[in-house]
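Below are two complexes that have chain A in common, paired first with chain B and then with chain C.
After this line comes the complex of A and B, so read on.
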């Protein structure tokens, strides 16, 4: 991963001298970058088709069912609702990746953040904007602290961040189990499925139903999550922070080459801690769509969003737009796997196979693209060098 | 690069897990081709499906009005000749093949399919359960009645049920009463909750344990503590054991705590816990831990063979004498039966007859919704006679079984 970004940087040089050639190489670069995920998608389609045929199902029927299903408005809304937390989770993982830190702890961070946010939100009564802001800030602070804990362990005690975060995931589950019983809402305890005190109407982020309602009617229980706006803000801030600020430059530099960055005056410890804090703070927002939807932390609280976010970040190469594509693709596969079960055209496990194949081929694809790019780069540089010397 | 490898290995292991989970389900699909075919028929025949739905509604109205039983029956007959009623079922996480809860529901559905003129479709949620609402909605789109297996469906079933007034919904293990209202009322007229008096069945196996023990110590293993369901099993078991022998010692242990539901599917941890309780002197252990129970029976065999004195496990939900591996069968003293199959069958029947009732329907000893099994003949006629006597006393109200284990010494 590191090497490929280095070539990105060196690509900038010839631009100064030959603008046309630069435009050419830009285009080629974009095509090359797109080639890996597109190729992976096509390859995974072929692989899934083969598996389906081997299992005695009709892949064309299955694809038709999936696309038919995805063409329905409520399914598209559900897709975006699924993609939103995945996207935030992907960005959280990407912040760590940029610093060359593998934050596998988004899982624990967002769960901790969600239960604290739900508890605080349920305990206070405030004017709407303040209430919502308090809930979101609580989530970010708790997520950030939980991520920061792994960060401190890494920077000050040398605990590998993978080990630190994965262990803190386990600790988080235990703490939540303990908290949930103390924060259990009053009422019928024997009634299973109760959670924290529900958040008042004033604390719930408004939904975005007016957007899908432009295209058709939604059922009473369906809504487009307001967290979509927050997710977009997160994506934009991530992009600006990384590419338009000194801090972002330092972060990327430390990630690419900590020694060089240190020599350049960037304190690696501080950057690692900052990255973990930010990764955790963004990760804290992952579960909020669910909390606003359910108004409480309950036993149904959805897990694995942190782990899936890692996959999404990997698919999107830590690029804010790429992560969005990855999240939507994951959500599409999720949403359409439901219909396969109902129509029984194909076992739903085919979706897991598709995901695995996409992920593997994308990783391989990027590596192939990197090598192709390196080779053409060196060939062109050699040619230009020969031109200049002759 | 090393991180990339680590990442890859993690995802490969995820894929492996997914693939291993997948086996069961794909097996389901293949063994279920009969249902598949009829499903496809119904789907191809889209118009017929619609018409049938109308019939179903009319029939239900008749039934509700109870204008004339004969009339209603005639309608029934008509409807059956027209087109079958479609029933959609959504399993709890894990799906079919758990030898316990979900399989019991599947058995009830299969029996209904043999008995009535219905078609069925069965689906399972993702491992993270994130698509429960979507699956309920999809089933509601094509079914007259949607059955959800497990209390985790409560919130989603209330929401989806509220938005699909034409479809009946039934949720296992949740009363589907809105406790926000006073008195608690059904969420909606089309939503039923099917609950079981697990404490009554557990009382009887608790008594069976106390009557069978030679050491005077019995054990309980719960899957997941602290969310209000498994405590009912423990309370009943304790009460039953103490009723027979007030001096009995009861060792109780839970595998995990809510919201970590791994405890329902951790046979390895079940085995270790069971071995520890056997070591501590117990010779009968009752489990209410789903798939974890397999570990209890393995431990019973292991402990019996290593010490030479026989110890027992008591199963839960299904008659586990018939579901466990054959080599541990002789250690299944009894099972607390929770007749999810009966509840599923009965609610489908009620729907077809137009007697679907919203809100809570309770399955207790009086309707054989819970009970104990005597498969294997490990309990003497004398013990069974005593259990039957206790059962009669519970049914007539002489014995009231507690649902909170702290009332009985926990």
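After this line comes the complex of A and C, so read on.
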């Protein structure tokens, strides 16, 4: 058969090339992945420009104000300060997402963790490293327990994790209000309505001011949070755990196909519980930048970091680098929304519109990217095969 | 006469492969047209293009002489094309009627669903094509063959004149295949055009009017069944002669690999779905478990691998009690598992092949290094599986869902066999695999058997069950009702044991156990008998 010899040759050749092609296509894939969130951002710029024009504002002016503002060193520092807890929160949410668990409870977890960590930190005097470690570990343990509680409800009582975590968020707020009142009564809170006992200097994570100071002078009171280091560690550990360990494999397998994972020896309950514990433990770190900054838990403690973390995880597709991009984008919008208020070039609500548009378009963006990727790969296959047969 | 379907120059490329390469296909109206070819030859892709699920990169399609371009299945349905997928898409909790009208519910006044009209139409359709269904049966109570009939009716209900069936016989036992073919002939008589994919070449010769053979994405021949033999077809598919299957000699030993005693499993309502089952699988033995689907096989397998809770009884693997061990513990102590539904329990469809190759083995070498996942080892093993089991894929980084059905199956079988299990629980191991690869899988199982692997084989393919097994046990309504000798039984006879119609005679043919290993036959037999005694009357 003549045609069989032809096909045999043309089959051998491309195989070798395909593996090489697979390697150089990886870089392209990474670039393509970044395309979706950036594309969504650009689209949201256009959409909000249209809204601004319709509302009678000048979008160019507003954009100029935002960019001018963002080019200042102290604004950049504040952007990173805002991005840091968002990043940790995003990773916490992503751990749950990877297992198809929708952990809405980071909100409650980080608040519980923060108040307990602040309380413990304020109550002891220890050498610096131990003091800081104790505070961070307390935060992780409390966050983990709070997340684990939702996990137990899910695995042993069949309470849907969304419902469970939402309820636990409510319970957390109640518990915190009660604790604050009780500590006040016991005299543990120094000034009424101000917060927990301040943490001694020894318990405060050092700032990273030496980095921005390489580029210029910081204003007094301006600090780059030391939690940035913790956030980076969290990101690296998240990546390694998920992609390089058997545990991470089990976690992802359960998320991808629970039945197949179970037949493959992954205990579904244990994994769900572990995921909620870990998600909670990481979530416990979300509020620590604020605690170290203010030295105490006070009634004005920052909220919504948990919910924004979900958005950030979604933007970054649960990928450690992607979440960082998402967190920075969110922080940029945060930091620049202030300036719009000052300059009055645009209503600051435009930032919320942009966020909404980004979240909606990024989903579409990822799908477009997937198709483009498949299209180009197919075309390249055709080209290679044509080359091989000619 | 205008052709019902005329595809010309269809080309479809995927990353790394050309699934269809300038394929042409001509189907006359009112004929039964078979499409044959190896795994990955491009059959399903071609059907999906015809049904509007995928759009071709090149080529034209004509339906009844008119050029068409589909952007979704809705367009194809509009043109009178219907498709029954290999994986049924029915909602188990709904009735036949509800499933059939799902998505096209006739509306009466006030937006209510007009069930009366729907039922009348359904019965009309059933009558016209000689398809017998009860509109009020719950899907989950139906057998596989009946579910398939519902899928076909569903398509006809929507007015299809061209019917595409992707591997319809893969999940059926012989009498269901006969039933299906009877239905297909009636459909044909009523003017339907049928296009179907099948790996069993005798079936193809039996039912098809015309056969198109694909190889590596190209049409190699269109032939009439009268002009060819199964051997000719196979040769066209593969491009060379088929290897002759290994002749098998019994390798059954008297060492027990898997011993099951008094196994009872309950369903959600605490009724036994598996009642006091005892069975012994020896090292080097293949025990075939025959039965109509839904008689407790799934629970039996689940109890052995550990996904099903054991109410009573013991399961010993090489002497070690495992009835209450974790799945992981059991898999790690040497139980290999080929699940009956590869996509449901066997694969992570959206993970790369090398992660799929690790599933079930992820805590062991070469996939793990202590607690670390060994990507290098995993990739290496996957490459080995790929070449050893001839998994056709451009590379192992692609996700499992981009493999053709048969190649997905080969990957699973390869992953289990490569781990050298002591006991293999194989449910329909060659389902959807082409004949060449099927022979290879059988050879692999026989080779491992010779090395002492014990196998529990479940298969709807009775030829496979008889050909591969050293002993056959029959499961009926959760009990083992007969132990049979594959050397003397025919598929027909086995079929009647399975439906329970020959249950009472089960004890009579106790003449020779498995001819090759008489001493071992007493094992499963002596435990099989009391069970069959119990099962005889009450149900």
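We take it that the second predicted complex is superposed on the first by the 332 of 390 C-alpha atoms of A that agree within 3 Å, B and C clash if a C-alpha of one lies under 4 Å from a C-alpha of the other, contacts with A are read in each partner's own complex, and residues count from 1 in each chain.
Going forward, contacts are C-beta pairs under 8 Å (C-beta built on N, C-alpha and C of every residue); 3 or more make two chains touch, one makes a residue touch a chain.
Note that the coordinates shown come from a computational prediction; the quantities given were computed from them, not determined experimentally.
Of the two partner chains placed by the overlay, only chain C lies in contact with A:266; chain B stays clear of it. When both complexes are overlaid on chain A, the residue A:348 reaches chain B alone and has no touch with chain C. Of the two partner chains, chain B is the only one touched by A:304; chain C is not. Contacts of A:252 after superposition: chain C is touched, whereas chain B is not reached. Between chain B and chain C, B contacts the larger number of chain A residues. By the touch criterion defined above, A:53 lies against neither chain B nor chain C after alignment on the C-alpha atoms of chain A. Common to the chain B and chain C contact sets on chain A are residues 1. Here chain C touches chain A in the complex through residues 13-18, 57, 215-216, 218, 239-240, 305, 307, 326-332, 337, 339, 344-351, 355, 358-363, 367-368, 371-373, 375, 394-395, 397, going by the rule given at the top. Partner chain A is touched in their complex by these residues of chain B: 1, 3-4, 6-8, 10-12, 14-15, 18-19, 21-22, 25-26, 29-30, 36, 39-40, 43, 88, 121, 123-124, 126-135, 137-139, 142, 151-152, 154-156, 159-160, 162-164, 173-175, 177, 179, 184, 226-229, 232, 256-261, 403. By the touch criterion given at the top, residues 1, 4, 7, 11, 15, 18-19, 22, 243-250, 252-253, 256-257, 259-267, 374, 377-382, 385 of chain A touch chain C in their complex.
Remark: chain A residues 1, 55-56, 74, 78, 82, 100, 102, 104, 162, 173-174, 176-178, 180-181, 187-194, 219-222, 294, 298-305, 307, 310-311, 314, 334-335, 337-339, 341-344, 347-349, 352-353, 355-356, 359-360, 363 touch chain B in the complex.
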